[in-house]
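In what follows, chain A forms one complex with chain B and a second complex with chain C.
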Partner chain A sequence: MSLSFNILPIVQKEFRQIRRDVRGLLLLLLMPAFLLIMVGYALNFDVKHISLGICNEDKSQASTRFIESFKHSEYFNISKYIDNRRDIDELLEEGKILAAIIIPNDFSDKIYSGREGVVQIIIDGANANTAATALGHIKSAVQNYSTKILTHELTKQGIIFTIPVNPQARLWYNPELKSSRFLIPGLFGMILMLVAVVSTSLSIVREKEQGTMEQIMVSPLKSHEIIIGKTIPYLLISLIATTFVLIMSAVMFDVKIEGSIFLFYLATILFLLGALGQGLLISTFAKTQSVAFIVSVLSSLLPTFLLSGFIFPVKNMPWLLQVITHIIPAKYYLVAVRSVMVKGVEITAFWEQLVFLLIFCSLILGISTARMHKDISR
Partner chain B sequence: MRIIRELIIKEFLQIRRDKRMLPIIFTLPILQIIILGYAATLDIKNIGLLICDLDKSYMSREFVSQFVTSGHFTLWGDVENPKQIDTHLDRSEVTLAIIIPRDFSKNILLGRQADIALLADGADANTANISLSYAVQIISRYSKNILIKNSIGPSILTPTISAEPRVWFNPDLRSANFMVPGVIALVLLIITMTLTSVAIVREKEIGTLEQLLVTPIKPSQLIIGKITPYVVIGFIDTALVLSIAVTWFDIPIKGSVILLFGLSALFILTTLGLGILISTISRTQQQAMMTAQFFVFFPFIFLSGFTFPIDNMPWIIQQVTYLIPLRYFLEIIRGLVLKGAGLEILWIQSLALFLFGVVILSVSIFRFKKILK
Partner chain C sequence: METNFTSDTQSAIRVTNLSKHFDDFVAADDINFEVSAGEIFGFLGPNGAGKSTTIKMLCGLIKPTTGYAFVGGYNVEQKPEKVKEIIGYMSQKFSLYEDLSVEENINFFGGVYGLRDQHLIERKKWILKMAELMGREKTLTRDLAGGWKQRLAIGCAILHKPKIVFLDEPTAGVDPISRRNFWDLIYSLAEDGITIFVTTHYLDEAEHCHRIGLIMNGKIKAIGSPTLLKNNLRAFEIYEVHCNQPIEAMELLTQQSWVKETSMFGMAIHISTSSGIERRQTIKQTLESSGIQINRIDLITPSLEDVFIHYTTESVGSG
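Then we have the complex of A and B:
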């Protein structure tokens, strides 16, 4: 009873303070949705329209047909026909083409005599991911064409045969393989983290800087009451902001919650509590707002961006970094949110993530209460 | 000149007084480059593979071994029943599952077609796409070998085409080579822009800016005095990050280092301009930081091609990226470091960066002067 009696005034005071800064409040509420729209369209790893340069030294019917096969694909754009293979260097350096295919002058001879014709592919590897994907597309195209001429030749020779193994690929959860469906739920974690950690840590440090924190400290409030009172307003604001983000992602990007909305909000609340706790913890040892801000960015934004699996798969990281990712709450949140939003699976598939989030937020709120307590008794 | 020197000394003293500031200025860039260099990898290796072998023959086992020996896949485990596959995909334990049907070897030996089902976790579209393309290539190679060996014999003409790839500028296709030069740009942006804007707004908040105004210091002197320390810090950080990139990550700088510093100065024009601009529109440090985060860092990181290639973006967003100065600096720094490009190729980007810098800096100084009056 006395708990809620004491907390309410702090919550009210915090709300009043937030409301006084209308621009700040609007920023907190609407920015997340705005960020999603602005950035969501850019989040895309689909490699299409690879600009190709073709250097056809063979100039035969066989090589012309081979080149034709690249023309009718959404993956390739033949942007340049190159006469001399020495010119390829410059084109790649200037970024005019991503890859060049060289068809050497013995290409048709080899094919007509039933041997293997070798084409050279030169690719700009500067962006390793794009290069690997593009190389995959080019190799598949070459292989498809190779199978086509082989079957054609065998049929011509009157041989009856079937292709022995026929792979049939089926894609679970995301049949069109749109990378945005994977990346947008990841963006949620990053945006929420940003809003929650930065706003709470600054709100306390501001009071410290202005000296009003001492006034709260000398009041008969207990440290956990201060913590809860500071957390609740920002939790509510962040939840409203989350809802805006959710609506926007459904309207603009067609990324909706496939599974249970309840589970989505459950995961989000646990994650937000942890993030708010982190902000409070930072504020207990940062003396100035600029330090609070930089530490917030360092401890929340960077790990959430880099170590959560948002963009870069955790599985591919060096062993030591993989160990570190275990203490990044955003990692668990992203797995949970992707499970709910993209895969639409039941809680049995990701309950561990929720447990980790719960442990993290109780731990961090506990520590910040203890530190706040020390501050008060000092 | 003396006034400016005094102001610079004052600013340095202020930076030094905040004990936590100095380590942040120098450890933040190092931490960033190390984490980014290692974590920011999109290289797809060790794809988790789940096998459901219903055939259990010598042939099916040989088929599976093709995947393992390819180096792309790691065998995560196998299941007896296709129905068990869903759970593992749901839990994201594997990326690809292969079902080998009961009549696989029988069909192949009889010269009939055997179907292989590949189930991929499409939630991560990028990984799924690359995994599937590897798998299909392995299967077609296997299939072609069987065709040539079993069904037709060696005496018949079998024309094929193979591709011989060569990767330039980054032969091992390491993501770090692409990401680490980008970090230099990011560090410059964060250090010069944030610190300048916060340094000015702090004085506004505490009220010391007014004190400075009643002194005979001219606004231009004040601005120069405020930004010089952060330019110096920015350059030191650039050198620091660059040396880590070369010594620790083995990234060769193919172009001219002097040109790199020169063009960094062009970029700093923009970042300082943005810093001052933010300080003129923010009343509190909190607002300044939020504005920097939301309006600069976020769009800059995502719309500059730092991680997401601009070529893949929708047309309209591609047009927007021309307004992001970081885009030009990233093209410059990557072209220079990875490809060894010089001004003869990078002059367009340099010109764009210069124009942006001059415009943003003039606008911000104009606004700053107006506020001072």
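Then we have the complex of A and C:
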């Protein structure tokens, strides 16, 4: 008897059951897109519109011009002019401003007398990332202002002056430096993994609870036939969900596939097969649906979120964690999808990732087949 | 050596020194028995006695710790794929897909056993008729009442015309009429030469079996036809006593040295004594001296319940 002949009844039955459970099906299909929108908006590392408080004690033409340089920039919002520098404390505490700039009353005097004018910057450092980025933006604004004064003064004295080194930076792949471009491929990995692992593990543990698994196990079907029959429907549904997520990311975040759609789906299929295998493996241990659910969520979310390089770069991790990241399939998927979606490069640039994904999914599907073969006794 | 044991054409089921340990717990303890083709063999025992564990070992669902089982002439551990083709199994839970319709369940199990086209259509017709589900093909299984669900489950288990059928507590939660219909079906299957292995804790059902194995605490206590098991108790004489204070009477009688066992049967007491001596007068005197009024004392032939209780109390006494 041929293989396809044997798995057909399972595939058919699985589709019937999925179709009959409309709520579950909608959840499977739409949840990923919903999660993408939610997390996509919530996870935004772009530091723009920094709310500034400015305490101008100098009140001179020079200080006014200095303040001008913070207006008309998308990085800053001057939300408060502060009269008394003692008020800064309160404003920072209440979170009304992220940073305050104090221009002392000797600011213009010092500049015009050829000494160093000093401005004081106070930043809310509670969020270290944001604070560092904000500081960078403020510093470069101050730098620009200084350069302008310098050239102006020198020109007045008849000296033609050009700045010795002028960096000309071009940002490739993500010219606007939008964090969504960087984050969305990671979100893909996290969301698809979650949905695939949870749905497969629940579908098998449900059968164990109902006793129908036993009924299948006494039939002449082989373990691998059961597993293939169970995997195909969930793979297809996950792929449809992937397509929804893809459309959403293009519509909502303007993140599209720059490279080959075929390569994107190839990487996704390999990644999903691994995730389905993980779900199957969990179902061979878990005895109840609630246990299966918790283990599935934890085992798919945590490693994908923390150890895949989704948010935290692998290179900055302690070596032990770096070693562990090698067995996290999302790490390879992430690199592959970032390559295809953001960079639009060819397969030659990331084929190793696909090989790793292939190894992972064959390994985990193999292990779950072997485990399913063993006792299913209660 | 093992290869000598890979096939056995003598009996439908042959079990040798079969044991199953779950950590410290011994679910099945050195079980030995044989079932011949076409026989209805009942596995009788209280809950947790090891009935399901044994049936699962015979179906290849769990591996025995020691010993081996031949089903349909094949060693279950060595040729599970051969065994699976010739057996049908129905678990305690009537494992059907509740969210599939009657027909979809039949199609699925038919497909799993490789039934196609005309063959499947024929068997489907047969099952719908047997289970009295004609015209309800599209009903979702979860909407069926217990008796129908049970018959559909059996139908799905014997869809592929297995030679040996394992039924694990097939009548649990089923009404008396459905139980009667069920046993009619079992008899007709046995007439067709199909071997039936059925577990139960209902004594009246055990009476329907050709032979019974009595299992307690994982051990087989007695094996044989219901009549044989009852005759084995002939070493005892059993009296049924009706009186006005049965509980007090039972306590009193249990203390007597010539009384082997006492048990309550509704409002009556059964007292077993060693055979050969007429005890009616002694019973009467013992009870009346304590002011208990006796309505009737009869010498009775033991029922399966007496057999069951005899072995239960024996195993409690020894354990």
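Operating definition for what follows: the second predicted complex is superposed on the first by the 364 of 378 C-alpha atoms of A that agree within 3 Å, B and C clash if a C-alpha of one lies under 4 Å from a C-alpha of the other, contacts with A are read in each partner's own complex, and residues count from 1 in each chain.
Basically, a contact is a pair of C-beta atoms (placed from the backbone, for glycine too) under 8 Å apart; a residue touches a chain by one contact, two chains touch by 3 or more.
Just so it is clear, the model here is predicted, and its values are computed rather than measured.
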Combined model on chain A where chain B meets chain C, clash or fit: fit
Touching partner for A:Q12 - first (chain B), second (chain C), both, neither: second
Which of chain B and chain C A:L35 touches, first, second, both or neither: first
Of chain C and chain B, partner touching more chain A residues: B
Touched partner set for A:I347, first chain B, second chain C, both or neither: neither
Which of chain B and chain C A:R20 touches, first, second, both or neither: second
A:P220 touches, of chain B and chain C: first, second, both or neither? second
Partner chain(s) touched by A:G211 [first = chain B, second = chain C, both, neither]: second
Least Cα gap, in Å, left between chain B and chain C after the two complexes are fitted on chain A: 13
Touching both chain B and chain C, residues of chain A: 21
Partner chain C, residues of chain A touching it in the complex: 1, 5-6, 8-10, 12-13, 16-17, 20-21, 210-212, 214-222, 375-377
Residue ranges of chain A in contact with chain B within the complex: 21, 23-24, 27, 31, 34-35, 38-39, 41-49, 66, 92-95, 110-133, 135-140, 142-143, 145-147, 149-150, 153-154, 157, 159, 161-175, 177-179, 181-182, 194, 198, 202, 206, 286-291, 293-295, 297-298, 302, 305-307, 311-313, 315-318, 321, 335, 338-339, 342-343, 345, 349-350
Complex contacts: residues of chain C adjacent to chain A: 22, 53, 56, 59-63, 81, 84-85, 87, 89, 91-100, 104, 107-114, 156-157
In the complex with chain A, residue positions of chain B that touch it: 18, 20-21, 24, 28, 31-32, 35-36, 38-46, 48, 63, 87, 89-92, 108, 111-130, 132-137, 139-144, 146-147, 150-152, 156-171, 173-175, 177-178, 194-195, 198, 202, 284-287, 289-290, 293-294, 298-299, 301-303, 307-309, 311-314, 316-317, 331, 334-335, 338-341, 345
